[in-house]
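Each of the next two complexes has subunit A plus one more chain, namely subunit B in the first and subunit C in the second.
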Partner chain A sequence: MVRQILWRLVNLVPLLFVISLLVFFISQAGPADPIKDVLSQKMSAEQIEQIRQAYGLDQPAWSQYLHWLRDMFTNGGGISLSVRSPVSGIVYPAFLNTLILGAATVVVTVVLGVLIGFVSGIRHGRLVDRAAMLFVQIGSNLPIYWFGLIIIWLTAVWRNWLPAGGMHDLRGDGGFGDLLLHLIAPAFAASLVSMLIVARFVRAAVIESAQSDYIRTYRSQGFGRAAILGKHIGRNILPPIVNTTGLTVGSVITGVVFVETIFSWPGLGSVLLNAIAGSDYPVIQSGILLVAVTFVIVNLITDVLLDLLNPRLRHS
Partner chain B sequence: MTVVAPPRLRRSAAARFVRNREALLGLIVLVVIVGISVLAPWLAPHDPNAGDPENVLNPIGAAGHLLGTDDQGRDVLSRLLYGGRGALVVATVAVAIATVIGTLLGLAGAFAGRRTSGVLMRVIDLLFAFPVILVALSLAAIVQPGPGVLIGTVIFGAVPYVTRIVFAEAKIEREKDYVEAARSLGASEPAILLTEVLPNLVSSVVIYGTSLVGINIVFTASLSALGLGIQPPNPDWGRMISEGAKVLVTGSPGVATFPAVAILLVALAFNWLGDGLRDVLNP
Partner chain C sequence: MASFKRLTVIGISAALLAACGGNSGGGSAAAADSKPRDGGTLIVGQYQEVTQFDPNRQYSWETWRIDRNIYETLVNEDLSSPTGVPKIVPGLATSWTVSPDATTYTFTLRQGVKFTDGTPFDAAAVQFNVRRFIDPTFEYYDKVSAATMSLVYGDLKSFDVVDANTVKYTFKHPFLDYLRQIPNSGNAASGIFSPEALKKYGQDGLADHPVGTGPFTFQERVRGDHTTLVRNADYWGARPHLDKVIFKPIGDDQSRVAALRSGAVDLISRVPPDSVASLEKAGYAVPENKGVPQIIYYNFNYTNKFLQNKKVRQAIIQAVDRKTLAEKIYKGYAEAATSIINQGNEAYDASAVDYPYDPSAAKKLIAEAGYQPGQISFNILSDTTGQPTAEFIQQQLKAVGITASVQSFEWITYGTRSANLKPEDGLNLGEWGYVAPNWVKIAHGYSVAGRDGDKYSDTSADTLKAIDTAAYNADAGKSKELWQAAAQSWAKDATIFPLLSFNRYYAVSSRVGGFVWPQQDHYDLSQVWVAD
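And now, the complex of A and B:
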């Protein structure tokens, strides 16, 4: 078991190396020449060459890569090109906000996805199931941007239930309850795609599990419906739930970035979109690297959880 | 004495297609929408980009503007007719490229040695769940936001799906007798792959690709809405949603909602067509 986890950790090293290379490549392949862009054309060739040396741009690519990597680790990626302040001060707080919204989205994804999947699975073929499947089909083909707008309209304009956007009430105390209230609508909107994927998988797992021989045996022995559903089917669909939730992490992150703009959530998605508009490569690279590494870590956690849930591995 | 004609056991694929209501509906919707997009210059009542400060935010059914106007006074119906062009072309082209790449990778994985195929599929598994938005953002930073970003992102997102399907099916095909027969006749491995195995996978790939186009039309619309995709002044369904966002909550929901419905309809039609094709080609 421990060896398995260690092996997974070792496997991450080449992966993280490749990701860092690709992110480094963004500024290398970008159309903007950082020097020409920042400085006027009146400078002489020698002056430009001096500045190139000062920034290490005359070095070979591998040396630039090492410098860049060291910058990422030590000060979060250097100085922003557009705001002239350290990248870490821009990217880290935004990343924390995105993480909060992402975690809330995962919670909504699992709770609603499992609920929809479980209910429609045990009522397979009935009206509830067909209604749920229609919802799944339409929901997974809706543009998430429009879905977010409709959620705002429903919860904040038509009925004054929830705040229309942002992370805290400006007049409020900025407490946890206030944050929760601001989280509900964007987390629900961002979970649209991932929630429906989970619902579909759970439904299939419940249907398969309910038709298996051992459930039939329990039934014939007179076990109550509730006991069978809760104890046996519930236990059997736990690994697929963890697995599918892990598979939807990518969709969750994508959903969060889409939703941040709509709900004016002060997260990394908005920061990155602004940085792209301003060709602010240090911010872009630092932000993308952070999200990619987060994705890899969440993936690792899912794999380890699955290992723990697998009795064949647990007892070895 | 009446002679009962023996039932035909297998109808032709075309006959089965026509009998499949889902597939037929999907096809009809797509033909209509592609037709409208192609004929937009002749169908549109107004120039889709011509603003009119006198007629801003006309309601649905206003004189001369059947679906109203947006906040710049542009005719929503005309923009709607033009707005699918970019999305349809981008999604179809990108999925077609992804299908070719994914098929080659999947075939190679299924017929490669244990080690190579293990590494390949491990990478594909990881990419399967990768947040594609990061690819879109990176591409937008390298080349400017535009259709190229959409095509690259869709290819990156769709290749793992196609590879998995082809890999799984090619592994089953590999064990079948006809492959063994070809091998014993002296055919080389690449020849077996391309002339024997590939034709048996085409229908699965086509079915899967059809559904992928639908999903990706929805996805690219959201990317365009964020400003990473198709750029103004070109009318585009995705951008219409974000441009209509401001006025959606202030009483003009149509500007953003009509393009959303158009996207939903196209995506559903591709799904129906894909599901229908599965019933027809892989009964």
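And now, the complex of A and C:
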């Protein structure tokens, strides 16, 4: 097991190298010109060229790539072109905030998704199930943007229950409780779609295992309902839960970027939007690389968890 | 199309909100009518993330709305009146003289002023600031600053320190608008920074460690989240009422309105026209200003083959009813513009006209240009806030046989897209303007000369001449007339498409007292107060 994990970690190295190449060259292939964007007005061609040289943008692409790679290891990603301060100081704090929101979103996704799926699964065909599935149908088609705004209007403007956005109360001292309060609405909005996907998978898995032969056998042998649900059905639906949750982390990250805008969450989303608009390559590259690395790590964790949960995978 | 869906959902959410009734208003304690109070925190919701707090490198109005509290300029404007061109008043200079030919400006500096890092403000400090962007032999010369500052200082011939408290700027040509340009900047800000701070934090370090002499001192910036300023206890001027001001970027229009209505922020900029009435009903002040320096206009793209034809451009201008646009799309919170000289400009002329609304004349022009109805097509580029405007224009162009497709983007993305125009793009939105009349020259440089637009008009040589005559005129009495003539000449080229000026921009909670929206693109926070 440990050897397998180590082997996967070693495999990450060439993967990350390829990702870094892709990230670097795709972001450079864009049509925009950072200098024109940053200082668009009133500059002669000569002035533009001077600034280009000052920023090292006149070097060939491969040399810029090596330079960037060196910066990633030694210099925290280099210096932002548009704000002229270290990329690490811009990207890392924002990424941490995105991770906080992302983690809260995953928690909400799993807890509510499993709850809805499990209840409607064991109540298959009853009123609860139908109501839940109607909710799932409608909910998974709601645009996050709209849903987020409605949550804000209802919980912050109409009723003053939750903050309207941001990560902490600018008039207060902050603190963990304050952070949790600010997390509720955006995490709920960001988790909506993936939560409902998880709910569907869990429901299907519950229905499937409830109808399977071995459950019928248990039932016929007089096992209690609670034991069957908890020990047998519950355990069997764990792999699909882990699997779908792992897969939805991708949509959670993209959803979080949207939600960050609506809830003024100071995360990587707005940093990347700004950087892309300003063709701020060093920021774009570091930001996207971090997102890519997160994906890869989440995938790794999902795989390892699945191995642990499912003996059949472990032995094959 | 995604953005169309977005607008629809905004509509639905607005309707839902109206059904909900909304919270009972602008905060419990009303400050608007009470006496000024010292202390407290004001929170400002801005519509953009700010750029950087280096006065010579910063750009964008929202950035200057913060920076001007930290950095002061040699002359200032009295921003305490909501109407009238702001009076130029002493700032870091107590007095000044202008040579009769308007080329030489001599300033007597205020004595005893200290930067907030404790170092003295004097002629040497001003010299350090100026050399940073004009003198390539200077140890602290900065190319980026030089490029940005050339907007105002491009024609500066020399800078001299006369004595420890006197400095002299000499321009190559008469520059009547220089005093007005000093405190008046989204980019090329003339705010004076502490030379010691630049030495200490480095050329790139000033951006995050701004040190000036202003009424407020920089405390912290958390990127994407907020910037905090605290009161400068040693300020030389009138004591600011507020202890603290926090600026928070909230890019989404509806979220920004929601933040104001929930009490999370006290003041917002760029109010969506749709929200003006509901905010006023809920007890928020949305001040009206008929003297705004900003104007909303469209630029023509000269890499588009249709728009290289002056007749086609003229037809576009004549096809659009700007009055109806202001009344219907901006709900009457805007005034139609028929000249690039904006309402708040010193040279504003309400009677100036370019090409009046006349759809049948437009159709005739298109035929004269050799095109059948439906043959001309191009993109209109806009930010999402301007999308209803773009769609209105699309409809009006359709009526004269021009096919336009609207592409709208989030404000920040729009900035990049409009800096990289493609041949199929036709019109793109602009939102800019100054109090100083040399705005005409700046706008012409950006929208026409810088885009090679003067190649495509038979009258453009006259326009360039008229602009230079106005720009290099030394007679203040003639200035207004000359700039109006330049703008009139420019209007004939059909190389700019003015639309309107938006008269509601800020919304303020009743917690806030003393807020004034002057005839400027920024406001003075030093005499604003908040209720307990």
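Brief remarks on what is shown
FYI, the second predicted complex is superposed on the first by the 276 of 316 C-alpha atoms of A that agree within 3 Å, B and C clash if a C-alpha of one lies under 4 Å from a C-alpha of the other, contacts with A are read in each partner's own complex, and residues count from 1 in each chain.
Convention: a residue touches a chain if its C-beta (ideal position, glycine included) is under 8 Å from a C-beta of that chain, and two chains touch if they have at least 3 such contacts.
On a predicted model such as this, the values are computed, not experimentally measured, just so you know.
In the overlay built on the shared chain, the residue A:T261 is in contact with subunit B and with subunit C. Judged by the touch definition given at the top, the superposed model places A:I253 against subunit B, while subunit C stays out of reach. Contacts of A:Q64 after superposition on the shared chain: neither subunit B nor subunit C is touched. After overlaying the two complexes on the shared chain, residue contacts for A:S85 are found with subunit C alone; subunit B is out of touch. In the superposition on chain A, A:I26 makes contact with subunit B only, not with subunit C.
When the two complexes are overlaid on their common chain A, residue A:Q4 makes contact with neither subunit B nor subunit C. When the two structures are aligned on the shared chain, A:I276 is found in touch with subunit B and with subunit C. Touch criterion not met for A:N243: it reaches neither subunit B nor subunit C.
Once the two complexes are overlaid on the shared chain, A:I288 sits against subunit B while remaining clear of subunit C.
Looking at subunit A, you'll find residues 31, 143, 145-146, 149-150, 152-153, 156-157, 164, 261-262, 273, 276-277, 279 touch subunit B in one structure and subunit C in the other. Subunit C makes touch with subunit A in their complex at residues 5-6, 9-10, 12-13, 16-17, 20-23, 41, 43, 49, 51-52, 57, 59, 143-144, 146-148, 150-151, 154, 187, 203-205, 207-208, 222-226, 246, 248-252, 254-255, 258-259, 261-264, 410, 412-413, 415-416, 419-420, 442, 445-446, 450. Contact residues of subunit A toward subunit B in the complex are 15, 22-23, 26, 29-31, 137-138, 140-146, 149-150, 152-153, 156-157, 164, 246-254, 257-258, 261-262, 269, 272-273, 275-277, 279, 281, 284, 288, 291-292, 295, 299.
Chain contact summary for the complex, subunit B toward subunit A: residues 126, 128-134, 137-138, 140-145, 214-215, 218, 221-222, 225-228, 238, 241-242, 245, 248-249, 253, 256-257, 259-260, 263-264, 267-268, 271. Of all residues in subunit A, only 31-33, 36-37, 39-43, 47, 50-51, 54, 79, 82-85, 89-90, 93-94, 143, 145-146, 149-150, 152-154, 156-160, 163-167, 169-171, 261-264, 266-267, 270-271, 273-274, 276-279 touch subunit C in the complex they form.
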